[in-house]
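In what comes next, chain A is part of two complexes: it sits with chain B in the first one and with chain C in the second one.
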Partner chain A sequence: MSDNVISIDEGRGSQTFVGSLRPQVIMGAAAAALPAVFAHVSDTPPLGASGVPLSVQQLYPEQTDDSRQLKALNLLERARITLLDALNFDPSGNFLQFDQEIMRARAILLRAFMYRDIGEGYAAVVNAVIWALANRKPGLPSRRQINVISASMERLISGPYIHFDTSMQILDDLEEADLDIEPPSLDILIEGYDG
Partner chain B sequence: MLDYSDCKIETVTIELRYDQSLLVWDKVGEIWAEVQTQFPELVLQTGTPTQQAFESFDISATIEMAAFRASCRGVNAEEKVAQVTQKMLQVCADRLKLAVFTRVGLREIRSRKFANMDEANSAVSSLVSPAFAGSLVGDSRLSTFTCALKQESKTNGLSASIRTEERETKVTIPWAFRERITADLSKECLVVVDCDYYTIGTTLRETLNMEEWAKQASRTIKRYWKSVLQ
Partner chain C sequence: MADCCYLDTTVLIEALFKTGRRRRKARVAVQGFAKSLLPVYAIKEMSAGALSYAMWLYNRLSETHSMKKTYDAVTSNIKQPNRVTTSLELLQATSEAFRGADFADARTPAQTDRMLAEMNALALRRIIVNGWRNRRKVTTDVVQELDCFPENPPYIDEELRIMTMGKSSCPSIRDCHYASELRKRPDDLNSLLQVLKGSTRREDIRRRKALNVLTRTPKRSFDNDKCRWLGDAYFALNCPKNATILTSNQRDHKPLAEALGKSVTEYKWKEE
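Entry: the complex of A and B
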């Protein structure tokens, strides 16, 4: 069976045609169904001179309440503030209040983890902080550790779609602050495997 | 009277621009192989060192040295184009090592058909004062109407135009087939509503999700046109 080859020249009236000018080659007689190629957006202005990257708020100025991104970032911010609130309490004197704030922050982060489809980097950092708080020893995390966690949250809030490799650097920072970011069962499994 | 809800989507295009990436020459095969895992219907149309274009019936996608873009048409064009560009973003950002984008834009073109150009012109001339669109010399009458504007803030911009156009598609059929195939495509009288929403300034990869961004870009465009075309 031979194929009929038809060429078609696109005509778009007064609209500037900026797509490929080569003949469109199709099989059969479906000429009218050809895609309209005018995708080049060449009539827009050049890039502004600003070298400052757009913030999340500038990039998404009109997010609605149903936005998963907005929900996730709000939860991260709440968790961060709750952690910083814990610093108002001295764990040696007000251990219960201090620990309550830490547990509250962890509960918020567990909800933030529900939005892990945002990206692998996001999921890795939130998961690491959840385990860092779960594995804490009495009276911890320290002020320094809370500040490191807060900085990692800030990093995620300003760039939620970070690459997984980038998130490894944040995880390194958490580990350098003596935070145990792995689930304990993982250690047991590794020990068992080594043994 | 022209109502925005009567205007049907022709195409929605999303484009991301970046500083020239020579890695395209090394990675383009990998990029397309991965994009095709999610959109297997895409077929190569042109493949040159500086531009690779793939198409399916309702998707057109192109990667160049300093930009990639996708266009979709038909039902759910807005969602589809966001999905395609999100996939392209993930793959291109990884393979081409793109951390920063110099411009992100969404262009939406809608149109509404009219029986003739007079009807099309009269539908849009109500947007301006009667004197502006009225007869200027002798018994002249409005033959086409074009109105365009551009607005920019420090972070975002929007350029919009509304125009009437008489569209004609010309088909060239090889002599051997002219007996069997007639190329009788009628002219169309249209009002075309065209809007481009874009970022001004650099955008970091780690802040960018095309589905989230496209949703709100579309929302901005809709809000604008609904306030204009009531």
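Entry: the complex of A and C
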């Protein structure tokens, strides 16, 4: 693994990423393209009562299986890259290739949804994107919509343990991009209330 | 057309508790008026009705982890005169979105049903939370506050993992906030009673009872139940003269509003 790639397996070690104060999880093609710069300062992980740094398992006691998180984040990154790949095709001229990439991204996200026990925020965002793609009209999503989806994936990759309330802003952004993020069946269930 | 609308509960529900396109369409309709008024009574009706239903639906989806079981509960417990969809049709419609796709690890119909239920629950939770959060943002003005209505929000009980809500009804021992003002308008109350005379519909019978309490027994406390029974009559009584009642239920509102010289504008989700 390159020195410039932060490994999820090994953690950040004693290095702090200069670009952001948030914990960084960067994988795949995005990581390879990123000019990462590190400052040689000591990290300050959260400490327990005894002064010993808390492990990821202690910070997130319900998330004991790191491999699941790794798989989930890998899938998110794959889906994001696949969506960006779709932008290489003009849907008006290369509809089949364009739509093939969108379908591939959605299939990857369906797998990512299997790891929804990572958290409600994670589940909510992945769910919304799955339905945004499932509900798409021919020739869509647009470049702008794909960029909004990609940004939501990036947000999730950089911090998958988001609270449901935090995910609401991401979902609002998706909806503001004119993406239909709800399952159609919800219409039928909600109609059960006839006032 | 009036340039001011007075929202009834049906349009508020459309703007807050329906799915995406319907919410947007209702908000655009409201924004078509230069000024829009939302009486807090509509929030109270919405809390007791659509919001309570949405919360029940969310809890049911979370409890059963099944679209089929949830929809069966909806159809067997809630009156649906015009509904013909069966749970199987619902599942079929839902699964269509996944036609040709790899449904990941959900390999059996039961697993698929579970996954879909959880997807619907997640989307519904957002509708509920956002709906409540935006309840006072649909119109340009929120009017006629009810200091007896506690307006408690829905929330997830982290211990029991169910969605719940604080007390939403007014304290029963108190006379309703607006009752004393209505008692000063016997002519209006009697006009509405004339409109409702002879009707055998359940809601009209209740509405008559509530109006009779105000007109015939003014010293009797007008409690939470009577307040709710008033329903559509509240909007006819309290809509300002220069506004029109915006509703998707014109049939019920129109006779009441016209009896008091007020107008009604119908909002339709589906174009005919």
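One rule holds in what follows: the second predicted complex is superposed on the first by the 125 of 195 C-alpha atoms of A that agree within 3 Å, B and C clash if a C-alpha of one lies under 4 Å from a C-alpha of the other, contacts with A are read in each partner's own complex, and residues count from 1 in each chain.
Following the convention adopted for this analysis, a contact is a pair of C-beta atoms (placed from the backbone, for glycine too) under 8 Å apart; a residue touches a chain by one contact, two chains touch by 3 or more.
Keep in mind that this is a model prediction, so the values were computed, not measured.
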Broader residue contact with chain A after superposition on the shared chain, chain B or chain C: B
Touched partner set for A:Gln69, first chain B, second chain C, both or neither: first
Which superposed partner A:Ile181 touches (first chain B, second chain C, both, neither): second
First, second, both or neither for A:Ile190, with chain B first and chain C second: second
Which superposed partner A:Arg143 touches (first chain B, second chain C, both, neither): neither
Residues of chain A that lie at the interface with chain B and also at the interface with chain C: none
Parts of chain A lying in touch with chain C, wherever the complex brings them together: 103, 106-107, 110-111, 113-114, 116, 120, 123-124, 127-128, 130-131, 134-135, 164-165, 168, 171-172, 175, 180-195
Residues of chain B that touch chain A when the two form their complex: 10-11, 13, 15, 17, 45-46, 53, 55, 57-58, 60, 62, 69-71, 73, 93-94, 100, 102-103, 105, 107, 144, 146, 150, 152, 154-157, 159, 163, 165-174, 177, 181, 183, 185, 190, 192, 196, 198-209, 212-213, 215-216, 219-220
Contact set on chain C toward chain A in their complex: 9-10, 13, 17-22, 49-50, 53-54, 57, 61, 67, 70-71, 74-75, 78-81, 83, 85, 90-91, 93-94, 97-98, 100-106, 115-116, 118-120, 122-127, 129-130, 249
Contact footprint of chain B on chain A as seen in their complex: 4-15, 20, 22-23, 29, 31-33, 35-41, 43-45, 47-48, 50-56, 58-64, 67-69, 118, 121, 158-163, 166
